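Each of the next two complexes has chain A plus one more chain, namely chain B in the first and chain C in the second.
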Partner chain A sequence: MIPAKANQNLQTTKSGRKIRVKNAAIGWSFVIIATVMICLFYFYPMVQALILSFQSGTGTNLTFTGIDNYARLFKDPTFITTVKNTVIYLVIQVPVMILLALFLSVLLNNKTLKLKGVFRTAIFLPCVTSLVAYSVIFKYLFGQDGIINIMLMKVSFISEPIQWLTDPFWAKIAIIIAITWRWTGYNMIFYLSALQNVDESIYEAAKIDGASSFQQFFKITIPMLKPIILFTSITSTIGTLQLFDEVMNITKGGPGNSTMTISQYIYNLSFKYTPDFGYAATVSYAIVIMIIIFSIIQFKVAGDKNE
Partner chain B sequence: MKKVLALFLVSILLLSACSSGSKEKANSGNAKDTKEITVWAWDPNFNIKAMNLAKEAYKSENPDLKIKIVENAQADIVQKLNTSLSSGTTKGLPNIVLIEDYRAQSFLKAYPDMFQELTGSFKAADFAPYKLAPTSLDGKNYGLPFDTGVTGLYVRTDYLEKAGYKVADLKDIDWKKYIEIGKKVKEATGKQMLTLDPKDLGLIRMMIQTSGSWYLKKDGVTPDIAGNAALKEAFKTYKEILDADLVKPVSDWSQFVAGFNSGDVATVPTGNWITPSIKSEASQAGKWAVVAMPKQTGINGSVNASNLGGSSWYVLNIPGKEKAMDFLAKTFGSNVDFYQTLNKEMGAIGTYKPAAEGEAYKAADEFFGGQKIISDFASWTEQIPQVNYGMHTYAIEDIIAVGMQDYLKGKDIDKVLADAQKQAEEQIK
Partner chain C sequence: MSKFKQIFSYSVLILASVISIFPFLWMIVSSTNKSVDVTKGRLLPGSHFMQNLTNLLDTVDVVSALINSAKISIITTVVAMLIASLAGYGFEIFKSKSKDILFNFLLLSMMIPFAALMVPLFRMFGSISQTVSMIGIDTLAAVILPTVTTAFLIFFFRQSTKMFPKEILEAGRIDGLTELGVFFRIYVPTMKTTYAAAAIITFMSSWNSYLWPLVVLQSPEKQTIPLLISNLGSSYSPDFGVIMTAIVIATLPAALLFFIMQKHFVAGMMGSVK
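Let's turn to the complex of A and B:
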């Protein structure tokens, strides 16, 4: 406490308390609106969904079934396949994208680079496109007669068109390429802004000590960006676990269910099949649990003393 | 304290503004029930157009009734119905809604009492029998049958001629013969026989319905996959077609349409609703013909007629239902003249049997070399075997699509079907 302020308080205790009460009331009234709104539109549905996840039945004919839904998750081959698909996207796409974003941001942070703004905009631009719009475009790019196949054939890379969207393996690759295109620029912006905060003198000192560019990158840039890398990998993980628009629009989950994600399965359970909102809620809670687990792992692996 | 007071007043004002807003909406919802009914449907070129014609036709009956037709994508209608009906609120729902036959049972069973029974408001016996099973529940009619998804095999006569075939050679064939012809056509013209979307098993559905079989047993609940001879045969045929390299793979509707419009494929086995899309490529006029759907090889009782898609009108159990029922009964339910207009204006084929006697159904179509395609389709419609689509068409189809991928990769057919059966039994409750 500042002594001067304490004196003042002693002198005008009564009015001081009034002011404090008034200030507190105004403060609380600002907070209370947001709090009520968040509770009403965020926590209340979450609790309702949790209750719903213990029920099962078609449409409005719901009955409580205890943990049956959760037990069903482990026996449901479609759910297991969607988890596998999502994890494949996760373990391949997230690291590729993070590394690519890091690489690009270091390149674009180069002081001597000309037309920096143009390149930054070009790489960031995919992020402002609508998910559905870009998915539809990618669907046509990767079509049997799409421009990608035509280009690859023209340069004699392949002799027959690749079945990008109708072959289980290539369809996954197509999805991974699409999300990487869409989200790399987004992550790059975080790295760029973090790089601006890295003191130039550190690099100077390293150069004087004879560190190569590689050493500078691995010994300075990466450690300095560690919190941001952690942040982006967590948000990317969450984003990938909730992947929906791209798969829905590019392959509809096919062929078979070889590209279907967990979110799309939730959609199918609620809207495509005879609606079972209870089980759909259970699957969405499965995502919640997975996100929590993955985030904890990432904090443990990368977070150590930064937190 | 004044500020706090002001703040509270403002927030109360805001809150009351919100709530009064929703009240107004509710009021308007009630008001419109008296004189206006709302219809939801998809496809402006087909269903919406048909509804608009019905609206015109109904004017002479009851000029006071306002009919508001709202166009939504089918997926949106399904979502909106599901969310509204499951939340228990009927506000904002339409009086009449179009539902695809494959989904009808799932709606009727999932939301009992939400749909108005239509038994008696139209003569069920006047409609194609195969439409009645999906539109009724427990012996009561809930849906008024609308368009037929009767299928035909659209063929390019010029390609066939190059391979030494005439249209007559394709009449009432089975799939074995189809593949045989396909190989010859491929040799002679280098063109594929058909397009297939690996995510959409419409071809399988068409095949098994020619044999009166479905993914589910007659009760509409028990999966009928393992030991389903028709389905097994359909799987084999599907693989044979792929192995013979007769397929141009596609992954969505527009590629499917482009497949035949660009002349890349020699045949299109699908529902009659594709006619407008086929005709949209005017340069191919006179090069097409339609023959009956191939039947399954070696399956007893398989006929050369099947169905793909098709939908029916449903009335929701909300205020205004009597007016909505009357409107449907006097247009789609009984008006022969109206069906003639439908056919002349947009080539739509209903499932109302008396309409087939009309002049419009007997007209020859020059695009198809003067073939009377409408009357052909109408006669096939009556032969379509009746099956109960049940509640789970799409859920099972996703399971079967996975099985198909396994089968194509070389897994044993009986094992594939047994596994799919097991999974379907666990998933469907």
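Let's turn to the complex of A and C:
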């Protein structure tokens, strides 16, 4: 009797374990395709790029050259220019866009505002255009005799056309304006939905305490939305560090190399100049490192304010 | 709200809306005007649209570019939905410590810039070309494969699955459905809105993607819409009316899709950061 019962218990635990093992196998089979695909098309190429970054040569004739490529980075004026350009885009465009998006979302969040849906759709509209399409449109808008110069001259804002695309300074400004146009509405939507979760009574209390709209914005809205601001600033940073489509289609990196980004330089090194895949891979690791550094900085900045 | 604040709000919002819409208006108006009029800064609609369209069809093969783009975007969307939702479901429903570690590891891929993948991927597909030319350089498969699985979509589906009532799944199992049966018969139909949001995001990014197709597609008859527009835009003697017509055609499908499914689109974006 007793041994029989013990035997039975043993059997149930055995089959129980079998079921668990089977369940685990089913669970893994759901995630296996995605895992293989991401390893194959993201992580494996990154390892390949790392190996490549220690090699040099043209086309398929590659030889190991140790850290030569990395030493070359610091002496390469084009690389330094592209890093400078990319950082300029980043430190000017991302904060301007985020503040603008926050400001617009606060205005739109007003309960008594009429035509809210119209404004929201209009400001979000740029997000439906493809990067190439809007870049080509902006290229012509900013042309020497483009519509922007025509209009600015009509209202006597300027007396002669601005060299938007042929002056190194104005070309950067044109690119920054274009990116801001495309992405402000996108970020605004995130803030708008976050604002809807903010308790109205906080603002009421602040008003009673005599806080101005300006103070309410900086002392309440921004701290309340911090997590979403952090999220959008990191995605914008990653996006800006990879900037390619706009620059390629608005200025082609010119005049000179004055608007060229790191991504475009990698493209040129691999497919436009005599291909040097090894050095291109080294430059691409520079972007990876910059993304890591900027993300850490943003987390740090956000974290400090928390305390 | 004080009078001053109200006027201020409305003027800022109107200005922002006008700036946002202006390039669209200019694009649409320009597609109906002659190139000469566009350069003169004409802002009134003309009657030259059909002529621009005919010229466009004569100079470049828009139709096959549209077909290529449609093929790539539709296949990408369908396959991406399948792979990402299976994984998002698997990570959430069959949760375990080791799977969570794997999940976080996969999320790291979101930090990898495409520019860093471009060269090794190009070499990978270059070497595949020699053995299996079906998926090598200059094929639609080569455009689709590297971009079809994204950690973002897996994350998106996992987040949405968190709110899924798991008792329904158990009911399905008791009714004798297999695990795949539970997924396709119960999970997929109930998650329609999540799929809609994910599909729009995927379709739009695929329809608009530029860098990887630029690298991997080489023959002109394989080119996609963004490549065609980029080529038109960089010509030395551009016909503005024709180019703007091409951009209108390229932007319309995505814009229409957006307006039809606007609610899902915004919900989808939000879902990604819940």
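In the analysis below, the second predicted complex is superposed on the first by the 281 of 307 C-alpha atoms of A that agree within 3 Å, B and C clash if a C-alpha of one lies under 4 Å from a C-alpha of the other, contacts with A are read in each partner's own complex, and residues count from 1 in each chain.
Convention: a residue touches a chain if its C-beta (ideal position, glycine included) is under 8 Å from a C-beta of that chain, and two chains touch if they have at least 3 such contacts.
Owing to the predicted nature of the structure, the values given are computational and were not obtained by experimental measurement.
Novice: Does chain B (first) or chain C (second) touch A:L165, or do both, or does neither?
Specialist: So A:L165 only meets chain B here.
Novice: With both complexes overlaid on chain A, does A:S193 touch chain B (first), chain C (second), both or neither?
Specialist: Once the two structures are laid over each other on A, A:S193 reaches chain C alone.
Novice: Going by the contact rule set out at the top, does A:K252 touch chain B (first), chain C (second), both, or neither?
Specialist: A:K252: touches chain B and chain C.
Novice: Go through the superposed model and pick first if A:I26 touches only chain B, second if only chain C, both, or neither.
Specialist: both
Novice: Which partner, chain B or chain C, touches the larger number of chain A residues?
Specialist: On the superposition, C touches more of the residues of chain A.
Novice: With both complexes superposed on chain A, which partner does A:I289 reach: first (chain B), second (chain C), both or neither?
Specialist: Neither partner.
Novice: For A:A49, select first, second, both or neither according to whether it touches chain B, chain C, the two together, or no partner.
Specialist: Second partner only, chain C.
Novice: With the two structures laid over each other on chain A, which partner does A:F277 touch: chain B (first), chain C (second), both, or neither?
Specialist: both
Novice: Considering only the touch criterion stated at the top, classify A:I297 as touching first (chain B), second (chain C), both, or neither.
Specialist: neither
Novice: When the two structures are overlaid on chain A, which partner does A:K139 contact: first (chain B), second (chain C), both, or neither?
Specialist: both
Novice: Which chain A residues are contacted by chain C in one complex and by chain B in the other?
Specialist: Looking at chain A, the two contact sets intersect at 26, 29, 33, 139, 252, 270-271, 277.
Novice: Which chain C residues qualify as touching chain A in the complex?
Specialist: 1, 5, 9, 12-14, 16-17, 19-21, 23-24, 26-27, 38-39, 41, 43, 83-84, 86-87, 89-91, 93-94, 96, 99, 102, 106, 109-124, 145-149, 151, 154, 179, 183, 204, 207-208, 210-211, 215, 225-226, 229-230, 232-234, 238, 240, 243-244, 247, 250-251, 254-255, 258, 262, 266, 269-270, 273
Novice: Applying the document's contact rule, which stretches of chain A touch chain B when the two form their complex?
Specialist: Spelled out, the residues of chain A in touch with chain B are 22, 25-26, 29, 33, 56, 58-61, 72, 75-78, 81, 139, 143-144, 163, 165-166, 168, 251-258, 268, 270-275, 277.
Novice: For chain B, which residues count as touching chain A in their complex?
Specialist: Residues in contact with chain A: 1, 3-4, 7-8, 11, 75, 78-79, 82, 85-86, 88, 106-107, 109-112, 197-199, 248-252, 255, 391-392, 394-395, 398-399, 401-402, 404-406, 423, 426-427, 429.
Novice: What residues of chain A sit close enough to touch chain C in their complex?
Specialist: Touching chain C: residues 23-24, 26-31, 33-35, 37-38, 41-46, 48-49, 52, 103-104, 107-108, 110, 112-113, 118-119, 121-126, 128-141, 145, 147, 150-151, 181, 185-186, 189-190, 193, 213, 228, 231, 238, 241-242, 244-245, 248-249, 252, 262-263, 266-267, 270-271, 277, 280-281, 284-285, 287-288, 291-292, 295 of chain A.
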